[in-house]
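Reviewing the structure listed below.
Chain naming follows the written order as A, B and C, and within any one chain the residues start at number 1.
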Amino acid sequence: MRYIGKKLITMLVTVLIVTLLVFFAFRVIPGDPAVNMLGIKATPEKVERLREQMGLNRPLIIRYLEWLKDFFFGDMGKSYSYGSSVSDMLKSKIPITVALTLISFLFVIAIAIPLGIHTAKHEDKWYSKVLDVLNQIMMSVPPFFIGMLLTYLFGIILRWFTPGGYVSYRDSFAGFISYLILPSLAIAIPKAAMTNKLLKSSLLKESRLDYVRTAYSRGNSTSEVLYKHVLKNAMIPVITFLGMTLADIVAGSLIVEQVFSIPGIGRLLITSISNRDYPVVQAIITIIACIVILNNFIVDVLYKMIDPRISR
Amino acid sequence: MLDVIDLNIEFHDHITPETVVYDFDLHLDEGEIVGIVGESGSGKSMSALAIAGLLSRKHMKKRGQILFDGVDLLTCSRETLRKYQGNDISMVFQEPMTSLNPVKKIGWQVGESLRIHTALTDDEIRTRVLKMLEKVELPDPEDVYDKYPHELSGGMRQRVMIAAALICEPKILIADEPTTALDVTVQAQIIKLLKRINEKTGTAILFISHDLSVVRMLCSRVLVMYHGRVVESGDVNEVFDHPKEEYTKRLISAIPRMEKLKP
Amino acid sequence: MNRKIRENFKLYTGMLISGLMLILAVIGLKFTPYDPNEMDVSSKLAGISMAHVMGCDNFGRDIFSRILAGIGTTMTVAVGTVFIGIVLGTVVGALTGYYGGRVDEILMRFNDAVLAFPALLLALVFISVMGPGKYNVMTALGILFAPGYARIIRGEFLRCRNLDYVQSAKLMGAGDMRIMFVHILPNAFQVMLSTIAIGFNNAVLAEAGMSFLGIGVQPPDPSLGLMLSEAQSYLFVRPGYAICTGIAMVLLILGFSMLSEGLENNA
């Protein structure tokens, strides 16, 4: 419990540092947001009034605290380019990106863990060398390229799926999920290949340790030794890796959304970066940062659950 | 009860096959304590692992017979072998730290053989495990039950290993250098514990060591191994007082003042 | 025995592929068959021919030349990124590792926080502040890679600080700077080799990703990521464009990942 408390505090501190950094990063940009909004032809009085309205005249630290408070209560400011509330803009897009991320992550686990166990078990078989080479290549393919290959294969040759035919989750949930399968695979394949490799080498390393011999000496069968003894130990490095992977998947989904024309936060982020629409960029980055930090916290707790030796 | 006849072990993972045990013979009666001594690389641990059925079958050839109650453990099916492992024949290893699974609780590990070989309920297993932890003289068994290996000292871990090995009341306990990794004072305690267990339960012990004085304290008979061969065997006092082979003589002369360590 | 050959095989294959890509990159920077940016409306989306071995893109530019040039750009950005990362990382890591203390603690906390985030995401923040372009991508990624290198260098310096040869160098009157850069650093780089190769890969991936999104390398500079995003629009009519570009990218990454694993196994 003390461990979790400690991690919780670390997590909150990290959130503070990150939001602070993001906030200040967008304040060092040259240019006055009030001028940006009104255009360069605006009169100085008008600009001054808007600056007062937007609270730009107060000290940065006060503005940061206010921003933090507003953000916490779901008020993320107004978009420069659209003039609408950022939280309203994000509300419909976040579930899409979250769904894409989660499905991708599930694919990584569903592919990598059985495959890693299988290849470790049958390391000496002829096909394991072939799988190794294939795995090495899969690790090197960027998700957006896989996405294009999948689009070409399933969309153009096999015609199993309509490229760009995104279905909103409001219209049809099943349609929404099935449209997300290929993009998720595109994100998942290289990550699954990496996880598979790590799990396999971790399993092989663990199975050479002494406690495995002890387990056999008690009359366990090979698969009992694997599932009751080796797997839990071998999962320890894999859990850390999966934690980092989830953070990477969030970033990867931003790109793959572009390939498959999915209207998630990725597209909004890219257009906002191009339009220099900072409130939107700031909100999205902060949200993603919070997700990543929360994810790291969960990994830490999981870690503690699986490895009793951790007590820091 | 246990008869090993002409056991030969060959490794095939190098270009030229390498024989590590030649024509090993051993007889072990119920309730007996037999020692195998020799320096590292003499083949004593290999023979012990072979008897426990723990030499992996890859890259390795074994010839001869290991008869346990008339069943040849070398040729029987893997399933039959597993029925004996942990139930009739169990083993304690040199390194208690690495020989215990770091992520499983002590109670779980000690009770594992019971879960594999019997149909006892969880409560019954718990009771037996606690009783066994007490038998190996661990203080506060309830507390140890829920601990992880890294939370115990070396001596306590080896007691846990012994408890786990004895939980099914096996006929043979193979102890492969069980005290080498421990402090001298703890060594003596573990040796005494093994002796008491042997007297109380009648479990036969195959005690592998490079430490002649310990073997003399504990065992009734001894085999001396050198370069994969048994060079001399017989009653402990007979072998140690009147060694026939040159190698045994040298081994004995290397022990400082044995008389003092006699029980 | 067998294992050793297999690991070396990885190293040699990695070196082979990376060497090949390096040669292509050098060719791509100077001697492409066509000017990669020369547009020729008459050969718009032309198929494979003797004149254009991989056909032409939507502006009638020779795809093969553009891929060569793209490999050149991508490699330049990656090398630049790794270089900036190493220089910054080495300075920070060496100073904190060698002197330790409060500054070291604070910097390492900060380091851990940065390392926990996907580099791509932070690079997006940088780019939105600094604007897109080849050099900004290099700088942003380089700064973001620095903490990773700093951490390794710091570890090596911590370890080496108390080793006998460093102590004896001290006794012989070597100054701190001399000890750090003449005595310890060469050892630290030994450890860094495989990390550098991985960093190279991450740089290639990040650059490609950002250019693909249109906020990395800007047109008309050829970059593999940028070309892939253009090729996507013509996937239906000219899939070869995307596939050739993608394969070039895969080979670039594959070579260095094998190289890095081979180095790691060799150490």
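General remarks:
By definition in this document, a contact is a pair of C-beta atoms (placed from the backbone, for glycine too) under 8 Å apart; a residue touches a chain by one contact, two chains touch by 3 or more.
As the structure is a computational prediction, the values presented were derived from the model and not from experiment.
With steps allowed only between chains in touch, the distance from chain B over to chain C comes to 2. Inter-chain contacts peak for the pair A-C.
Relative to the centroid of every protein C-alpha atom shown, the closest chain centre, again from C-alpha atoms, is found for A.
Farthest chain from chain C (centres taken as the mean of C-alpha atoms): B. Our note on geometry: chain B versus chain C, Cα centroid distance of 55 Å, whole angstroms.
In terms of their C-alpha centroids, the spacing between chain A and chain B amounts to 51 Å.
If each chain is reduced to the centroid of its CA atoms, chain A and chain C end up 22 Å from each other. Considering their complex, residues 110, 113, 116-118, 120-121, 124-125, 127-129, 201, 205, 208-209, 212-215, 228-229, 231-232, 235-236, 239, 242-243, 246, 249-250, 253-254, 257-258 of chain C touch chain A. By the touch rule above, chain A contacts chain C in their complex via residues 14, 17-18, 22, 25-26, 28-29, 136-137, 139-142, 144-145, 148-149, 151-152, 156, 163, 247-248, 250-252, 254-255, 258-259, 269-270, 272-274, 276, 278, 281, 285, 288-289, 292-293, 296.
By the touch rule above, chain A contacts chain B in their complex via residues 209-211, 213-221, 224, 229, 232-233, 236, 306-309. Partner chain A is touched in their complex by these residues of chain B: 52-54, 78, 82-87, 90-91, 93, 95, 98-104, 112-113, 116-117, 148, 150, 161, 164-165.
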